[in-house]
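Each of the next two complexes has chain A plus one more chain, namely chain B in the first and chain C in the second.
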Partner chain A sequence: MSFVDIIGDLLGFGQLSAGEELIAAFIGAAIIGTLMLTNTALAGPWAKRKITAAFTDRIAVNRVGPAGLLIIVADAVRLLSKELIVPEEVDRPAWDFAPIVMAGSAILGFAVIPMGSGIQLADPETGLAFVFAVGSIASLGLVMAGYASNNKFSFLGGLRAVAQNLAYEIPLVLTGASVVLFTGTLQMSSIVQSQQAALLSLGPITIPAWYAFVNPFAFVLFMAANLAEVGRNPFDIPEAPTEIVAGYQTEYSSVYFVLLYLGEFVHIFLGGAIVTTLFLGGPAGPVLPGFVWFMIKIWAIFLFTQWARSAVPRVRIDQLIEIGWKGMLVLSFANLVLTAVIVGVTGI
Partner chain B sequence: MSLEEPTPDSDAELDVVGETEDGLDYDALADLLGDKVRTREEHLNAEGFVIRPDDVQDVLFALRDEAGFDHLSSVTAQEYDDRYESIYHLKKFDDPTQQLSVVVPTSKDNPVSESAEPVYRTADWHEREAYDLVGIEYEGHPDMRRILLPETWQGHPLALDYDQTEPQIVTLAEHRNPLQEDHRAGDDSDTMFINIGPHHPATHGVLHVETVLDGEQIADIEPDIGYLHRCEEQMCQQGTYRHQIMPYPDRWDYVSAGMLNEWSYARAAETLADIEVPEYAQVIRTMAAELSRMAAHFLAMGTFALDVYGDFTAIFQYTFRDREIVQNILEDLSGQRLMFNYFRLGGVAWDLPEPREEFFEKTRDFLNDMPGKLDELHDLVTSNEIFQLRCVDTGVLPPEEAKSYGATGPVARGSGIDYDLRRDDPYGYYDELDWDVVTEDGCDNFARVLVRLREVEQSARIVEQCVDLLEDWPEDDREIQANVPRTLKPDHDTEVYEAVEAAKGELGIYIRSDGTDKPARFKIRSPCFSNLQTLPVMSEGEYIPDMIASLGSLDIVLGEVDR
Partner chain C sequence: MSNPWIAIGALAVVAVLIPAGMIAVSSLLRPTVPEQGKRAVYESGEVPTGNTRIRFNIQYYMVALLFVVFDIETVLIFPWTVIYRDAVANAGLAKALGPMLVFIGVLVVGLGWAWRNGAVKWVRSPRAERQRVEQ
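== the complex of A and B ==
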């Protein structure tokens, strides 16, 4: 029974007609959207501060509410009540669309992610291709923001974003494709399904056949490319606060800034969700319900990006291009070919 | 990068005119210059050769090439009732105790003098400052514009007839791309002019860098300074020697290097008024100054990491955590955390805080934790491969360029120039203590960072020895201040130029007295001012991120650049 059917059931629709299915699907989308936005609200104003503070020997927010949690409310009010400053000669409506494109595309990706406990809005056969495709739309938003802002720093940031995404999108997708070689399908639920088997049994401990264990090389490669994809250290080049002020974000304020920021965080979570689905067995895990495991996994990857941000310097744009085209691309092709050979010979 | 082969010194030394075993032989120097030297005058630190305004380049070339004066430390300009005067303070990187002042008087009605810029590149900014503040024009200078004040300013503030009550109008004009018409790589290539600063996250204050980009690479760059000019020289000229000047040095390099700055004024004024500082006070001064240096280097390290890492990361917080401890110790000592005002002419304001044991214990605890903390920083920063990728061989400053631009301090030492006034022109208690001058041959951003980290180690060594000395100092011999008259009036027309090794390099003070209790001319030679001049050398052709890193590795403080 799919997620939409469950919702239809709860609404008492019985056998769904086309109209009823639409209503159920909208409600499902709203639930998943709200879920991810809640996650982001938790991550942006609160968790990020707490995590960074832990890495840097500080305390961070602790005045408003228990453990400073109400800072989320305070920040929401603060950010929404800021004045929206629209600089002269910005290229509208591209300038207005950019934040929406960036936030929207990232949320869209969650439509096909199996979150466990039956939560998956849609499960098309091309699920993986879809999620990569919508993930890349964010680059369009970056270019729009950079180009439309009529600011030289934004412009540089936009150009950097394009260069960076070209250099990293290909290794990312190729490494993803090496997983597809194992599963033989792009459907997300099948990818999760094929990781359920046991890889090894060491006494009472059973190591599942997650692709992170089956092909750790691909996992590492994917995590590195993912850091570049979501623009976190050492690859936060499009923003690069000390070099080009704030890159493509420079001219945005108020709600638009919130949208950009939110888009970035949802994107990090989407990256985490893809990693979880492809390499970490999706929502699989002992004792706790699948959904909880899914959340734990994407938060672990969020933690990893924050760790990188606190401890690793940023590389230069030319160095990044070099790593991307000369290193990662070659490695990801090698990984793909090798996986193909192994799968072909052993017939897993 | 390897340094240039050292020239065989034994032969070369014989050729250097005027250098003898007992120091400088001024007569030999005068013979070298022949009748170009019109008269000779005595300054307290060196002799001054008075020359004609159109002989400047000949004289300086001769002194540089044949007498070995490779360091133009400072250029002082001033106006007398009957003339203008530029003084070139020359030194040698090998031995800064060998000094010579070249005095160039120009007439009142036509204050034009030959520029020294072709001889020493550092004269570029120094002469622009002289033109800006005093009004002497330099012939043959490539770029005779104002430097600290806006271009529309009327009059020269340190000139005698300047009317301070005259309102000034400052227009706001758009900056122009100096390479607008330059399509060096073909017609379809284009450059982009971009203002980095004065409001930018990585300019360490209000520095404005006019940058022309070719893609992401820097085609042309010019630091535009003066946003933080606070007339420090003028203010010092209005204060009395005894007490009213000492608070100002804290406000030049205001990021915790205050003790070092205060020493520069103390040293100049003590030479001027011939004051002998008690040994006990010298030890306290040395300890306080080195603590200051550690705090300043921690801050430099942290902000450099901030520039390269791009965020307030762990490194920044770790360095600030350690700097905080130094600040607490200095607070115990002086009562202040930043603007210490602890030095006095002839000594220090007060003795160590009671109970002394507690103070010593606190300082020792800090020093004992030091090696571990430095290891931590080396683990996190200098041994990080991405950090090395970013910093090694970027922002290269060859030693010859560094000398010509008058770079000093960690910037010069990072280019392999073995120059440290604490050892080479000793003052305080340094020559009694056991420590080393740190140099690195890398000439790049990485070398400058390493020099600072290793200098912290050396400072810790010095502080430790000072603490040992102070702990065992006999109680009846703790004299913190010499006898200094309530009102100091040095003799009429005495001139002195003295420098100390501040956190950023050679911080020099020139004072001319006119027989009153206030200086007639007070000139500050700021190390950051000279060091910042090297930025174009380091960054042209590099990427923006490397330029930002180079700027960070120069460790400038705009309060000291603009004064």
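== the complex of A and C ==
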């Protein structure tokens, strides 16, 4: 039974008519949207500061509320009530749409992610292709923001964002395709389903057949490409604070800045959700309910990106092109062919 | 089973409404005091010179062309990965894997050719070449 059907049941609709289905779908969508907003609100103004502070041996926010948690409310009010400064000669429609494109596309990606405990808004047969497609819309937002701002730093940031996405999109998608060789389907729920079997049994401990264990090489490749996709160290060159101020977001203030930031964080979580679904068994896990495991996994990947941000130096733009086209692309082709041969010969 | 694309469409609407709602709330809260100096674009505190509507060497147009080729090729690989297991079971390994190996082989040769011709290299301007001191 799908998530939308469950909501329809709770509303007492029984067999859904078209109008009722639309209502149930909107309520489901609102739940997913709120969930991701809550996650981001926790991650952006609070968790990110705390994590970075822990890595750099500081304390960070601790004045407002328990462990500084109420800083989320204070920051929300503060940022939304800031003046929106529109720079001279900005390209108006594009400059206004860019934050909406970035925030909206990242939220949209969660439509097909199985979050456990029956929470999956939609489960189309082409789920994986959909989530890759939606995930890369964000780079369109980056270019719009960079080009429309009429600022040289933004301009460079936007162009760098394109170079980066060109270099890492193909390794990302090809490595994703190597997982599809095992599953034989693009449907997200089936990809999770096919990771439930046991891979090894060591006494009382059973290692599940998560694709991170079945094909660790693909997992590492995917994690690296994912860091580039969401623009975090060592691949944060579209922002590169020490080189080009803040890249594409230099001229944004007030609510637009919030939206760009929100888009980035939701995108990190979306990347984490894709990794979780493809390689970490989705919401599977012992004892705790599936939804809790899903959250633990995407937060673990968020923690990983923040760790990389604190610990790994940035690569140069020309090095990025080299790593992407001469390293990652070749490795991802090797991974795809090797996986195909192994699956074909052994029939795992 | 309901049509999944209705729910996806609903989330697409919600995903636009959330930012739009935030912008609306913010426009009620925030002050607006436009001034000349405030609206200047940021150029490290200097008076900005010119704008960005210029011709600019993006340095990676060859890479962008390559990207189009490889992106279309991933579109062709995806259906193959979906049916691969069934194809191995029904038609045998050679028939399922062979053609794709040839296809990827052609692409890898193409990548090697582009590599040798310097297409996947960061193009430096002649001035930057002259200024370079160490290599």
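Definition applied: the second predicted complex is superposed on the first by the 348 of 348 C-alpha atoms of A that agree within 3 Å, B and C clash if a C-alpha of one lies under 4 Å from a C-alpha of the other, contacts with A are read in each partner's own complex, and residues count from 1 in each chain.
Just so it is clear, a residue touches a chain if its C-beta (ideal position, glycine included) is under 8 Å from a C-beta of that chain, and two chains touch if they have at least 3 such contacts.
All values reported here derive from a predicted model rather than from experimental measurement.
By the touch criterion stated above, A:V245 is placed in contact with chain B and with chain C alike.
When both complexes are overlaid on chain A, the residue A:S310 reaches chain B alone and has no touch with chain C. After overlaying the two complexes on the shared chain, residue contacts for A:K152 are found with chain B and with chain C alike. Once the two complexes are laid over each other on the shared chain, residue contacts for A:D318 go to chain B and to chain C alike. Judged by the touch definition given at the top, the superposed model places A:A133 against neither chain B nor chain C.
Of the two partner chains placed by superposition, only chain C is touched by A:I100; chain B is not. Counted by residues of chain A touched, the larger count belongs to C, out of chain B and chain C. Within the superposed three-chain model, A:A177 lies in touch with chain C and out of touch with chain B [touch as defined at top]. In the overlay built on the shared chain, the residue A:N233 is in contact with chain B alone; chain C does not reach it. Residue contacts after overlaying the shared chain place A:F55 against chain B, while chain C stays out of touching range.
Shared interface residues of chain A (contacting chain B in one complex, chain C in the other): 152-153, 245, 317-318. Interface of chain A with chain B (complex): residues 55-58, 152-153, 156, 233-234, 236, 239-245, 309-319. Those residues of chain A lying in contact with chain C across their complex are 2-5, 16, 21-22, 25-26, 28-30, 32-33, 37, 80-89, 99-100, 103-105, 107-108, 110-112, 121-124, 129-130, 147, 149-155, 159, 162-163, 166-167, 169-170, 173-174, 177-178, 180-181, 184-186, 245, 250-251, 254-256, 258-259, 262, 317-318, 321-322, 325-326, 329-330, 333, 336-337, 340-341, 343-345, 347.
On the side of chain C, the complex with chain A involves touching residues 1-16, 18-20, 22-23, 25-27, 29-34, 38-44, 51-53, 56, 58, 60, 63-64, 66-67, 70-71, 74, 77-78, 81-86, 88-89, 93, 96-97, 100-101, 104, 107-108, 111, 115, 120-122. The part of chain B that touches chain A in the complex is made up of residues 192, 194, 200-202, 216, 305-314, 316-318, 321, 380, 384, 386-387, 389-390, 543-546, 548.
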